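Common to both upcoming complexes is chain A, partnered first by chain B, then by chain C.
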Partner chain A sequence: MARDPIAELVNQLAKLPGIGEKTATRLAFHILGAPASYARDLAAAIIQVKERIVLCSRCCNLTEADPCIYCGSTRRDRSKICVVERPTDLRAVEATGEFRGLYHVLHGVLSPLEGIGPDDIKLRELITRLQDRDDGDPVDEVIVATNPSTDGETTALYVSRLLGPLGITVSRIASGIPMGGDLEYTDKATLGRALAHRRTI
Partner chain B sequence: MELVHLRVRDFRNLASVDIAPGPRFNVISGHNGQGKTNLVEAVYVLGSVKTFRTQKNRELIRWDADRAVLEGLAHRGDDERLARIEVCGDRKEVYLGDLSVQRLADFFGTLNVVVFTPDDLSLVKGSPSERRRFLDRAIFNLRATYAGDAVGYDKILKQRNAMLKGERVDAVLLDVYDEQLALSGGRVASARHRFVEQFSARFAAAFGEIFGGLSATVTYESPWWDRSALPETPESAPRAGRILDRDDALVSSAQDALRAALARRRQEDMRRGQTSTGPHRDDLRVELESRSARTFASQGQQRALVLAMKIAEVEFFESERGFRPILLLDDVSSELDRARNRFLFDYLRAHDGQVFITTTHRDHILLEEDVVAYEVEAGNVRQVE
Partner chain C sequence: MPRLDVCAPAIVLRTVDYGDRDRIVTLLVAGHGRRGAMAKSARASKKRFAGALEPLRVIEASYIDRDPSRLATLTSAEVIEHFAGVESSFDKTSLASYATELTRELARDGVPDDDLLNLLVGHFRALSTGAETLDTLEDLHTTFVLRAIDGAGFLPALAVCARCHRDVDASTQWRFVPEAGAVCAACRRPGASGAEVMPPTLRFLADRALRSSGAPDAPHVRVRARSVLRDMVRGMLGRDLKSAHFLDMVLR
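Now for the complex of A and B:
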């Protein structure tokens, strides 16, 4: 059972996304070469993140305080909810500065092939939240910002069917040509979609 | 279209190849297992990224190398493009000139190839999936965006089937999948329908030349889609690019039909745990004298039918795109009888275009002029007089 500590660290690091055997080895030797305080701080930071970060009871975002800073804020537009796949997507939307509403984080998309059904992502939490509109937030629009992948589209359509009966407007973020982009170099699928979803000016 | 230079590194058993193929016939001879097919496969992969043989990336790389590199300089009129594909681990990296290509749709069309191998000879008597693959490849060559619809349909189909096989079926999610399947499947089926409709006349003509006196037809079989009420496409002269047109009425007819069929078969699909109808079950029906060629045609007739399908594919491509694709014939002569073989070479001589032909017997290749000859031995390719 006494496993070589270096091999064990490499093994653990290699489980991280985007980290292969070689990088893991490099990181392990870096940690080994650094002062002992660094290793203690790193270990403590990893443990803290697991102990102190919880899911917001309203929007399912990762947060230290519940409700999270968005749900707890008095300065946000409480009539709009932006639905995203992951907390990192929330950060991306927030960074635009264009959206001042609330969020809902699904923590995944529907994919029966991977065994992910409607009960495996935070959909019920979204419905519950919207059903309590009398007590809770006066939401009139849900903006679905899942990725423009096949499963992201499926999930967006699913959300729209679920919310239809509740009388809430469900919208989908537009997809198209990047700002500062060049039509000539835009791939055909994106350009085709941009044409299909054109708007009057 | 013409491949003017081909560079291969560590691809299958080919360590290093640099050749400047001729504009017409490139005859590649050698014994079995020396690497002839690998050479035409290299050209095919440069055009299609995928191979027509095993799909395992690792097997494309020479045994002691980390990476295989294919590079081809293609000319089309005054247009010159350099395509490069590097196979490494599980991935393929695709480049146009020095630019890395992120979306394959941008790459396709750089090098258009049509391949004919002994495996194709079972096209008529083989399974419907082989004929669907023939259709999909031919349409894809004409309209690269077709791949997006076909791949999208496949992904949703797999998700739908996975849910049907699972313990719990969510009715709302099934509605969503059905709608997505209807939209993409309708585009796939209408493209195939339109293709076959225009392809059939060329096929009939080609077969008439090979096997005079007998008539042959192809039709797209799609039991879920009643097309009897559709207006007939006018029999005007085919103009280039017609298949590229989106026919909205046709597409929505197919989408409505598929939507209705999925709804009708829902109970059965749930019981069987799979999607029982749609473009993934369709077929290309080949008839000889109004009878199923799959059942009634002799082996010789079946091969003549396949040859006619391939020739019609090339002809149709040329009429739609305005240039001829590169033709790859892998050891086909040995499988055709003498009359059919002679027809094939008469046809090749009478039409322009670059052709790569592999053979174990140079005397089967009935070509004397415009030939650049290569010999392949143990993975080494050399030009011979």
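Now for the complex of A and C:
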């Protein structure tokens, strides 16, 4: 038996992250009240994103063309790879304009407490890429830019342990007191880390 | 039930993101046992609980408890002790995570268990400041697991036969039955499960249940003890811990 179409739309929208039943209902009625062309464009955009976006075979970034614009570019520094958790993190790093190297997207982080191991994220792809010295990029440094959470740190430590034998320098993005922060109100763990990783000026 | 304001040391046993803004945490709280709490806006504003809603550190948690059958509301959380030695080592992080997950399984909602909390904090401290070789790391790990299981009342017999209580010695064959422990040849039930185990392995484990270091043991004893310990946890929970995979990466 076919479901009531409004209920079905609410049900599908409510599966989106951060969308509860109430918001889903509001969105459903918004779509219902909009011109038919809007509904068609929205549906087409959703289908297109699934049909046309693939994972880059080198860096696992989401892309329409494989290799992606970073891997395919001749103007990037091919000796550095910045490892990030998600495609949105790649965009954040790119937006700084401070990094001109290549990327690798893990699509997650290791989490001992949740049983997420090396085979559950795109780590094997990173190793394969780095071992492929003939055909691959002359990488001498891997910068791990996972979040400064327990799982992000665990992932960084694991990458370092994995790449050590390949003779590649593994570095970690700095973490500590944010700009505009206040030492007095910084938690012990963050302040301790900031002190441990201080730099000469 | 009246509103209860709690402010006590705690350890985060798990975090689960909820929606775009919030985070649900499972805590082991001093004097209050295991407690689930909602950390409103924990993800939206990094300032609110800055760094405190992560496992492997001791925090001071303040929360409002209105109904034990529902999530408490976390009002503040502050790191009071962190373990730099653990944070900077993959091996130590893996072992500390395994200990945290075992604690999560053994702790009970609303049942105070400060012995378990203190055991876990002591374990983090020992991992962080000492233990520079893999053997000493494993000794700390083994002692923690045995003591945690013992505290929960599930420690199987290791120094004597679980059935007739004769001392473990070399005069007979021994088997390890996960739910009971060491069983001598005379007490073994025909067709019963349980792998053969040598007396030195049982003595090694019995010794580690009491203290985290002792006489050095042959590598094969250590390896065998490792699998008996795993059988013990599996027998108690009916499955492996999720972090067991990380343990295997460390203790090879």
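We adopt the following convention: the second predicted complex is superposed on the first by the 193 of 201 C-alpha atoms of A that agree within 3 Å, B and C clash if a C-alpha of one lies under 4 Å from a C-alpha of the other, contacts with A are read in each partner's own complex, and residues count from 1 in each chain.
The rule is short, and it goes like this: a residue touches a chain if its C-beta (ideal position, glycine included) is under 8 Å from a C-beta of that chain, and two chains touch if they have at least 3 such contacts.
What you are looking at is a predicted structure, and each value in this text was computed from that prediction instead of being measured.
*Asks:* Considering only the touch criterion stated at the top, classify A:113 as touching first (chain B), second (chain C), both, or neither.
*Replies:* both
*Asks:* Could you tell me if A:5 is touching chain B, chain C, both of them or neither one (first, second, both, neither)?
*Replies:* Neither partner.
*Asks:* Would you check which partner chain A:188 touches, where first means chain B only, second means chain C only, and both and neither mean what they say?
*Replies:* both
*Asks:* Which holds for A:72: it touches chain B only (first), chain C only (second), both, or neither?
*Replies:* neither
*Asks:* By the touch definition at the top of the document, which applies to A:136: first (chain B), second (chain C), both, or neither?
*Replies:* Neither partner.
*Asks:* With the two structures laid over each other on chain A, which partner does A:150 touch: chain B (first), chain C (second), both, or neither?
*Replies:* Both: A:150 reaches chain B and chain C.
*Asks:* Specify the partner with more touching residues on chain A, choosing between chain B and chain C.
*Replies:* C
*Asks:* Is A:161 touching the first partner chain B, the second partner chain C, both, or neither of them?
*Replies:* both
*Asks:* Touching chain B and also chain C: which chain A residues?
*Replies:* Of chain A, residues 112-113, 115, 117, 150, 153-154, 157-158, 161, 187-189, 192 contact chain B in one complex and chain C in the other.
*Asks:* Looking at the complex, which residues from chain A come into contact with chain B?
*Replies:* Listed in rising order, the residues of chain A that touch chain B are 110-113, 115, 117-118, 150-151, 153-154, 157-158, 161-162, 187-189, 192.
*Asks:* How about chain A: which of its residues touch chain C in the complex?
*Replies:* Where chain A meets chain C, its residues are 17-18, 20, 112-115, 117, 149-150, 153-154, 157-158, 160-161, 186-190, 192-193, 196.
*Asks:* So in the complex, which bits of chain B are touching chain A?
*Replies:* The contact residues of chain B facing chain A are 102-103, 105-106, 144-145, 148, 152, 155-156, 158-160, 162-163, 166, 168, 170, 172-173, 175-177, 179-180.
*Asks:* Can you tell me which positions in chain C touch chain A when the two form their complex?
*Replies:* 13-14, 19-21, 50-52, 54-57, 78-82, 84, 87-90, 93-94, 97-98, 100-101, 104, 242-243, 245-246
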